[in-house]
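See structure below.
First chain written, first letter: the chains are A, B, C and D, and each begins at residue 1.
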Amino acid sequence: MTAPLRDMTPAERARSTSFYEASARTRLELLLDAGSLIEFIGPEQREVSPHLRIFDLPEQFDDGIIVGHGRLDGSPAFVAAQEGRFMGGAFGEVHGAKLTGLLRAAREIGTIPVLILFDTGGVRLQEANAGELAIAEIMRAVMEARAAGVKVIGLVGGRSGCYGGGGLIAGCCSALAVSEFGRIAVSGPEVIETNRGVEEFDSRDRALVWRTMGGKHRRLLGAADLFADDSVQDFREAALELIGLVGPFGLDGLKAEQERLADRLRRFGACLDAVEIWTISGIAHAETIPELPTDQFIALADRIGRTSRDAR
Amino acid sequence: MTPDNILTALFPDGHQVRNDKGVLLGSATRRSGTCMLVLGVADRTAVGVDEAIRLSGHVLGSIDRDDGPILVLVDSDSQRMSKRDELLGLNEFLAHLAKVLIYADMNGRPTIGLIYGHSAAGALLATGLATRVLVGLPGADPAVMDLPSMAKVTKLSMEALEQKANSTPVFAPGLSNLAQMGAVQMTWNYAAPLADQLEALLADMPAVQDLRDMLGKERGGRLKAAEIGERVRDLALQAR
Amino acid sequence: MTGWQNNRAARDERIAAGAGFGHGKVVQARDATRLLEAVIRPGDRVCLEGDNQKQADLLSRALLAVDISRVNDLHMVQSGVVLSEHLDLFDRGVAKRLDYAYSGPQSARIARMLFGGKIELGAVHTYLELFARYFIDLTPHVALVAAVSADREGNLYTGPNTEDTPTVVEATAFKDGVVIAQVNEIVETVPRVDIPADRVHFIVKADQPFFVEPLFTRDPAAITEGQVLTAMLAIKGIYAPYGVQRLNHGIGFSTAAIELLLPTFGERLGLKGRIATHFALNPHPALIPAIESGWVRQIHSFGSEVGMDDYIRARSDVYFTGPDGSLRSNRAFCQAAGLYACDMFIGSTLQIDLQGNSSTVTTSRIAGFGGAPNMGADARGRRHPSVPWLKAGAEADPDGAALLRRGRKLVVQIGETFGDKNVPLFVENLDAMELAEKLNLELAPIMIYGDDVTHIVTEEGVANLLLCRTAQEREQAIRGVAGYTEVGRRRDHGMVERLRERGVIRRPEDLGINVLDADRSLLAARSIKDLVRWSGGLYAPPSKFRNW
Amino acid sequence: MEDLSFRHHVRAPAGGARKSAIVGVVASGNLEVLVERVLPDAECALEIKTAAVGFGDVWRAVIGDFVERYSPGGLRFSINDGGARPDTVSLRLAQAVRLIAEHGQ
């Protein structure tokens, strides 16, 4: 489960480093070819949020996101990684603009894929309007980049999950890889509980949270294309695989997505719990899914075969 | 304002827009006699999976026809905050709606959002903020996050928050704040016919390019976004 | 009235009064309150089983609902005051006087009620001390206990969380008291007999299983680098040199870190088999990797832990299990084991003063003692030798005659110099002193007395108090590991350096530990999921600890 | 928030040739340390922005010990602190010195 980190090759380190636990910097350092990351507007530039001071809150020099350029198996890639521990990885003005700028450049170039390592609770409250708008701009920039032929790959497995507008951006990506710990949703568990009551959703029932929003459910639904084990190396391999798999974006993909989602509503719209959905999907003993080891789960998900490839 | 009033004022020559449980779907005839696709959310309805799929379906269904520009009317709640919606993947449904609108806009079907009531969070992202031009009507009250909820999370008093809101448009609800940020490009008024204002906009649509960060800078609401975005873009273009 | 069997007659009368409410011994849950009204007399000593973990919650609610003209002014003698109902009894006037040991979740409210005079306090005890008094001067008239199942005769199966039940029933049933048990189910045959039927007078079937709180689960994901460092210092600076094999661990994150470092850091130091082989300990999930790696030979437990049942069942070489295969815990025996058969206690606390006294009491919270004072005390009645015990004794009294020199139990306080919200661990004066003055107590609630403490470990190093020869040295040794707290910053630098030269204080570098190596990657498991994997899927953590 | 700044004369320059390094993250009980090799060899400076107000004396003590122990000559440390404990601060500072001494840009 663990080993000392000294005297290891980068791949061994990446294999033994939990994606969930690692910092955004460590994730990028180990995800990309060793030493290949070039960061844009790094922390030494001190481009901090101009808004946190109003609330007497501490700033972070990179505003909670690292954007840059690196190499994956020798090929160029643009990367963005959110730091889920700084303000829950939330989108603020500077944080969001860094990703927008990266996506705009990718669009102009057209051939270099973009990896987004999501780790976010959504909009940063203290700059809610700027954060919301940043997300809108990112969604637009993702779609413009994809239309220009860029593959935009989302990786979800951080501690803050991928919530709020982050969930919408993830929905705009060409493909997603998610780990068991990853969560993708719009409203967070506490938000649902606050609005609908604990009977509707008990946010402290973490098994419920994960089977409603967690990586396994998202993979089985076809919302995510690949299921990665929780190591940076697994995410690296997933990213490489997805870059190879993603096809061009166009109207056909959107029409297929409309059908894919409509079909999901028809089949599962009356289900009250994920276990029902999994059962209808033909999984025997669906209630054991959360306990299933990774390799068996991947085999099962591949057999069920639900994917959003060419339909997003 | 009711959606009926607004539709009548926008399209005096008639429209076929139906309001089915808060979801507006249809089309309308412009002053010029040409057609315009209309969709939207009315009556402060929450946008969940059921609403989103119908809205996106309406746009996709028209995409091979030339139904003209697309108008998205907005008076919604936030996204529907329920177990069922999240279980079914609300993020994909909302993203899909936004994608469809963005795709249409990029492919010869200019999109205009018109917010005349409320909206918030994920619902606003999937509707008004996914259009090329978002227009506000007087009385609209979009709120990314309402102040009472903010007070709870930030542990600040409402008074303290309201005071801070006076000095910055960056967090507090309201049309004028969103306008200052560059999210709402213009606000129409009821003094002139809405139909004329719509025609004027359509006659002079900005290019298919996201200029909201520039606008936010011009209006003094977002001083950083455009510059940061531009710097990253330049660095990235040099780095390859 | 003269006679020598009055109590037995009174007991028989109580049973007869209650007999009308059931079929045989079995009483419906809805009749529980009427049963209690019939059986309990005003002023009775009542043990309402509130253990560290298991709670007779249905009987608590039933007792709270009694007609107070019939049942009042009770004297509650129970180890745990844990449920809000336990204190509601005093608010309502059902109960008046209290002798107890532990009040974790109710610590703030119990403090308010003590200040407000709502509760007449007998004393706050340690578990073993309260159990002892059950047999001398606090024997219950009525015991309300909790079990997993019962048969119709009244044989009880207490399951993995046996905890206090045998002790409570022993004291009550054999001294003319009445025993009422709430059970989750009534079965034909119980899986094993934990309490024989002739000691049980009534059984109430609860509509919901009794409440058990997972108190001993520490999520490895929450262990900090500082805690890893402190744990490394403890292993290399104390476990290794003394060769501590028989021990008890506290429940904090620092000791969880130790448990998770055994198969990694400990293995590298070549300590496997030489330390940490026999435990008096609840089934801590954090110990799973060490067990699976072959470190641990035997564990006896006070209680169980939620989610550990299948794992324990499958590892009966390590745990104590019954003929049914499930854990048999017993708080009284395990406390005795911790006191007499262990060479070391290591645990954390909230405050340590300059004499080394420690306390978990703050002026607004009275958490009680639980078992720590018995674990963390030198057993003066101990007579068997062991290497660590003798070595500690020799360090304390190097000039004494070896054959007459008592050994010493290693009592180790471990913690970070600053706790939650930057509250310092080290203080000039314990809050417990202020509390004692306010409440007019004859004794301040000290968890572990300074003269029992042998070592203090913080991220700053290990202070060996056994080697201190004067009160002044002791104070400076404590200040010397108190870091940047006020207490630490006011140390005598010269004296602290001299203590370091003598090995009284050992810094990380003195132990050959590089602070920068204290990395979470050293932990054998870094998440609850890792623990599940280590257990081969046998550990089933409660939902609140999952992130899958 | 409170701003603190410290400047020390040191006996020797820090090791390594890297220009800058960053460790940690700004979160409750945590901090980030950005270290840059921008000062003369015999000097070091620390600029701190902390969410915990009123701990100047503790910072002074922590930094005094750190400078004495590591002699980080030539380095400027910029710290954003989310209210970390002194031991965490010491650890991050030491990590920063180690990282800037490693090979790399």
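In this text, a contact is a pair of C-beta atoms (placed from the backbone, for glycine too) under 8 Å apart; a residue touches a chain by one contact, two chains touch by 3 or more.
Quantities reported herein were computed from a predicted structural model and do not represent experimental measurements.
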| item | value |
| --- | --- |
| Centroid comparison with chain A (C-alpha atoms), farthest chain | C |
| By mean Cα position, the chain sitting nearest the middle | A |
| Leading chain pair when contacts are tallied as C-beta pairs | A-B |
| Where chain C and chain D are represented by their mean Cα positions, the distance between them in whole Å | 41 |
| Distance from the mean Cα position of chain D to that of chain A, given in whole angstrom | 33 |
| Length of the line joining the C-alpha centres of chain A and chain C, rounded to whole Å | 43 |
| Inter-centroid spacing, chain D versus chain B (mean Cα positions, whole Å) | 46 |
| Of all residues in chain B, the ones touching two or more other chains | none |
| Chain contact topology (line, ring, star, complete or other) | other |
| Of all residues in chain A, those that touch chain C in their complex | 1-5, 16-18, 20-21, 180-181, 204-208, 210, 214-216, 230, 290-291, 293 |
| In the complex with chain D, residue positions of chain C that touch it | 224-226, 229, 416-418, 422, 459-460, 483-484, 489, 515-516, 518 |
| Complex interface listing, chain D residues touching chain C | 52, 55, 57-58, 61-62, 83, 85-88, 90-91, 94-95, 98 |
| Parts of chain A lying in touch with chain D, wherever the complex brings them together | 23, 25, 35, 43-44, 46, 53, 56-61, 83, 85-86 |
| Contacting residues of chain D [partner chain A, same complex] | 1, 20, 22, 25-27, 30, 32, 34, 36, 49-51, 78, 80-82, 104 |
